[in-house]
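Okay, so subunit A shows up in both of these, paired with subunit B first and subunit C after.
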Partner chain A sequence: MKTVQLMIASVALSLSLAPLGVLADTSDKKIALSNNYAGNSWRQAMLNSWQKNGQQAVADGVIGAADAFTTAENQVTEQAAQIQNMILQGYDAIVINAASPDALNGAVQQACDAGIIVVSFDGIVTAPCAWRIAVDFAAMGQSQIDYLNEKLPKGGNLLEIRGLAGVFVDDEISAGIHTGVKESGKFKITGSVHGDWAQDVAQKAVAGILPSLPEIAAVVTQGGDGYGAAQAFKAAGRPVPLIIMGNRQDELLWWKEQKDANGYETMSVSIAPGVSTLAFWVAQQILDGKTVAKDLVVPFLRVDQHDLEEKLAKTEKGGVANVEYSLIDAKKFLAEM
Partner chain B sequence: MHSISSLFHHTLAKPWIWAFIGAFAVWLATIIFTGGQGAGQMLTAALSFATFSVIVGIGQMFVISLGPGNIDLSIPANITLAGVVSMKLMDSHNEMILLGLGAALLSGLAVGIFNYTLIRLLRIPPIIATMSSSFLILSTAIAYGRGLKIKPPAALAEFTTTHIYGVPLLAICIVVLAFILGVMLHRTVFGQSILAIGQNPRAAKFAGISVEYVRFCTYLLCALLASLCGYLLAGFSGGASLNMGTEYLLASIAVVVIGGTSVAGGFSNLPGIWGAALFMFLLVTMLNTFGLSAGLRLMLTGIIIVGVIILSTRSKQPS
Partner chain C sequence: MTLSPRMFRSLLPAMSLSVILIAIFYLQPRTMSYFGLNLLLNLALPIAFATLAQMCIITVNDLDLGIGGFVGVVACIGATLLNDSPLLGVLALLGCIASYAALGALIHLRQLPSIVVTLGMSFFWLGLALMILPRPGGSAPQWLHAIMTFKTPYIPFTIIALSVVALLVHWMLKVSAYGTILRGAGGNPSSVERAGWSLLKTKVTMYALAGCFGVLAGLTLVGLTTSGDANIALRYTLLTIAGVILGGGEFVGGRISPIGAVLGAVTLTLTGSFLAFLHISPDWQIGAQGGILILVLALRAIINRAETR
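On to the complex of A and B.
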């Protein structure tokens, strides 16, 4: 597997070396990021990655501009207006993390009609003219149960912490978890709460339901909620079960502390906020005249027992474990699709 | 205007009891469902988390009592800023605890003054003023903290999570604080002025009350309480985060209304806030324990809250 990947990578690399000379094609093109929310550590990391990568690309003369715009209230109407402004400002490509998969389609269509390249990621849009860099959230949920199958061969009771009710990401991850549980047959979800992907909300919800639950073997999560769950177990004076983490630095740090203290074992999975840089380069490649499939799937980033220290060391304090894409990485990614 | 004793009597009369009855009923339903398992721990958890809603709820209650149009929407941003500022300053050092508290309260003070400046000098309605100020405050918190999660000093974490026979120490402290604020509301000129303004600002002005001064102090008090909440909450949940205040916007308003305070102002109900905060937590716990789907859970939450509000307003005697 590894060698195949390496081979593909080297082929992609050698292919990508040839067009390096014609990069100037996009040097006068302008890319804008339309972002719907900035109020948590994942989004902050996502914006940081975009800025760092964009500034470098501008300095290198690869692209004319890479401006980021964030709406204040996570509102569809506000983001639609923002996209319309971007059309008027004459951007050549708009990269979107959307507040809604379908409600922005009108504005997205207007952009496409104006000849603008639209690339959506994380929060994708369904308009057919746009590109989508999506995450297979259901597979992400199922991978948690796959891990538990191996780790806890005897099975046991699970507590499920879900995300924000009514958001498709929450439904997808949860569906993946439930599919996994059904297939495995060893586990039983004894409790389910909504943690809104936030430590404080998760802590509160878990603290409430915990007294009524039997012994819990593991906690399945959606990211941003693992540390809060651990706090709730500790406060209730119950043994802390295996809690799947979501790549946040505080979660990884807590895991590391437990690992050092008592050999605690778990795994952590989420999507890397640096996916914004992948979206950036995909937009650049399309502007450069490359043919790119409309639907792309980005792999999720997983941290395991053996590479915890390495990934934690690379993660900014208060940030999220990250992978940023360079132009070469992005070309490699596109070649593999 | 009511005499002090009759108002005091009036306030304690009935409306607040419904929030406590509601809290007791959902708790009972939950432990019947679990067969008695975890009854005590559930109350401990409820007290722990209700404490934070109570702190911001009391502040919001004072503001709402000022009469129609008065509300503070900057509470969540204020909580976040105070949490971020104090955690960063203390940097997990025990000897910095008081300094951190001071910094949190200072940030709250600044927010309160800023809010009132927008309302008074620029004549912006409070709902818009505090909403726009919350964007500025949250942006400040983001710029200052950059999403950094710094652990609270061990002693602060200990203080905010300690239980005495299942009763959280922090809850006891906040009961004392609530009592003091209750006395202030009902036994001091300032407290009575708030209620008088809420009942009729023109009459209050003619009665010699400095309406704008009282409003200023009230918004300040609300902002200070929110920053205190941010400081304690960050200590309780292992550090400050950018979205730590989010759920306290609706919570602060809900506990005030469910607690029996009149949304039209001029009629406060402090004990009801405790009942309402416990009720809100136990209600979510009950629906989670029943294992209902998210949609049904939200629907039932709405229906039950409306039910308790109807009961509590029905029992309110005409003033």
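On to the complex of A and C.
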């Protein structure tokens, strides 16, 4: 019990001292990344961005440590344990890409109670004590239909490829797509499969449903599934419809090849994996004593017909089109909020 | 005093736990406190319950590949029905236990392989959980959260709960008379049947017991996380099997150890923390966890060989 009291006392003390130390340097502060999943190209790019940016920040003496931890299989229970371990390891801030918006709240609250700054991004947490850097996933879904409205004025049948069932990102994007479809009134979703944001899964799922589908005008996606869908259409010997892409390098490359060969037109939208670096700097700014609003919204990254070549050239093989944030970018972002 | 292989074998779970615990204390002295132990161990309680559920099934020489999904369903019921209309929630949970008992009866009567039935059920459970809670959310009843965050004096609640449960189940299966029959039904079914005991009854009892522990696992889990998610416990399936085996159980039926299973579950929980404290890169953590498992099981195999010699 004594240790708890001591801990609370020291937390209270450090909190009361905080205003005195405004702009105190954060060079001895430690930030940890709690990541729930690493099994696709987006997550790998996200971790890469974090590592590159974190190592630079440590080398520059801006921060004491920027360690990344990933759980094996997108499991809430493991991530909760991981956050609890971080509390014990004495990190000053925890940046989270969460497996579930609600189910980690118990662990997040424990972290907050221990005086730790919690910043969530992409997969956000709803605990009121945490900061959230959210993506408007519903708007991302709707933007696909907006594009189709322009491109296919006559409307037509759509095939929807969804993400991982039960994950809120999947629900949000899909809800956005369905709202868009309802509003436009020209389109009809004739089939829906789960591609789990992975090309191989998407290819199998699309191949399975294709024989039962009428002519498809366009495929709406969630990212990481466009290339697989294209392969499935090709294998079935059906004309490849307009497939919305998700910024993955293989998708952009395929699009470029089609564009050069037959003038194929589409668009690509997803969030930049470099959002992890934004979360990093937001945590650093909070540690630095800055006041930051609890809810922030980050824009999504879109690739169009005209800037395809430029964006593709900047994307590494097997990676995802990316934007990384520096401290200056992050400060600018926060000033605009 | 020389240790016989048999004794060494039953001590192995406790020894692997001690090694991991001492290593953690050494790496991160902060954990050596009430606060630290509480944080380190509180997620072990649901895993321990789920492991006991798996152990019940392994006792009768079956394997449950659906327990993770089942715990998820219970967690979803706990975060929705149980909170909004407690009576309906309790009924639903009783229904879950009953369906587990029915599963046992089905497997026995139709002589179906349990792996196939429970694997099929795992998809059913996941679908059911998604129907109850299509997207993560809901909230655990206040009382449940209060129990799980209850601060007992001197020793963390989790440790007390784990010990009580382990001893209780140990008494139930290893000491009581009917417990012997239940284990016998897994180890040597034909002789138990010839002695006049109903195999159907033993199987239904063990499956119902597994259902009870599954419900306890789901409820303690949702009490800790404060809200539900259909995917919350999918990993429990393999974790519980590993826990039972780590704790000295075997796939032959009848050879189980409830105390060992609880220790095994705690050891597995701590392995994750241990690797995190070691600062092992995320890419290696998953592999390292498997490595530790193989190490302990290899040790077991060596002891087993010494035993048969």
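The rule is simple: the second predicted complex is superposed on the first by the 313 of 337 C-alpha atoms of A that agree within 3 Å, B and C clash if a C-alpha of one lies under 4 Å from a C-alpha of the other, contacts with A are read in each partner's own complex, and residues count from 1 in each chain.
In the analysis below, a residue touches a chain if its C-beta (ideal position, glycine included) is under 8 Å from a C-beta of that chain, and two chains touch if they have at least 3 such contacts.
Not measured: the values here are computed from a predicted model.
By the touch criterion defined above, A:38 lies against subunit B and subunit C together after alignment on the C-alpha atoms of chain A. Of the two partner chains, subunit B is the only one that A:318 touches; subunit C does not reach it. By the touch criterion defined above, A:297 lies against neither subunit B nor subunit C after alignment on the C-alpha atoms of chain A. Of the two partner chains placed by superposition, only subunit C is touched by A:70; subunit B is not.
Of the two partner chains, neither subunit B nor subunit C is touched by A:337.
In the superposed model, A:210 makes contact with subunit B only, not with subunit C. Of the two partner chains placed around the shared chain by superposition, subunit C is the only one that A:84 touches, whereas subunit B remains out of contact.
Once chain A of one complex is fitted onto chain A of the other, the partner contacts of A:165 extend to both subunit B and subunit C.
Once chain A of one complex is fitted onto chain A of the other, the partner contacts of A:103 are limited to subunit C, with no touch recorded for subunit B.
Across the superposed pair, subunit B and subunit C both touch subunit A at residues 38, 72, 165-166. Subunit B meets subunit A in the complex at residues 30, 33-34, 37-42, 45-46, 48-49, 135, 138, 142, 145-150, 161, 233, 237-239, 241-244, 246-247, 281-282, 284-285, 288-289, 291, 294-295, 297-298. Interface residues of subunit A facing subunit B in the complex, by the touch rule stated above, are 38-41, 44-45, 72, 162, 165-166, 191-194, 196, 198-201, 203-205, 207-213, 227-228, 231, 235-236, 249-250, 317-319. Taken together, the subunit C residues at the contact with subunit A in this complex read 28, 30-31, 33-36, 39-40, 42-43, 46-47, 129-130, 134-139, 153-154, 221, 224-236, 269, 272-273, 276-277, 279, 282-283, 285-286, 289. For subunit A in complex with subunit C, the touching residues are 1, 3-4, 7, 35, 38, 47, 67-70, 72-78, 80-82, 84-90, 99-107, 109-110, 165-168, 171.
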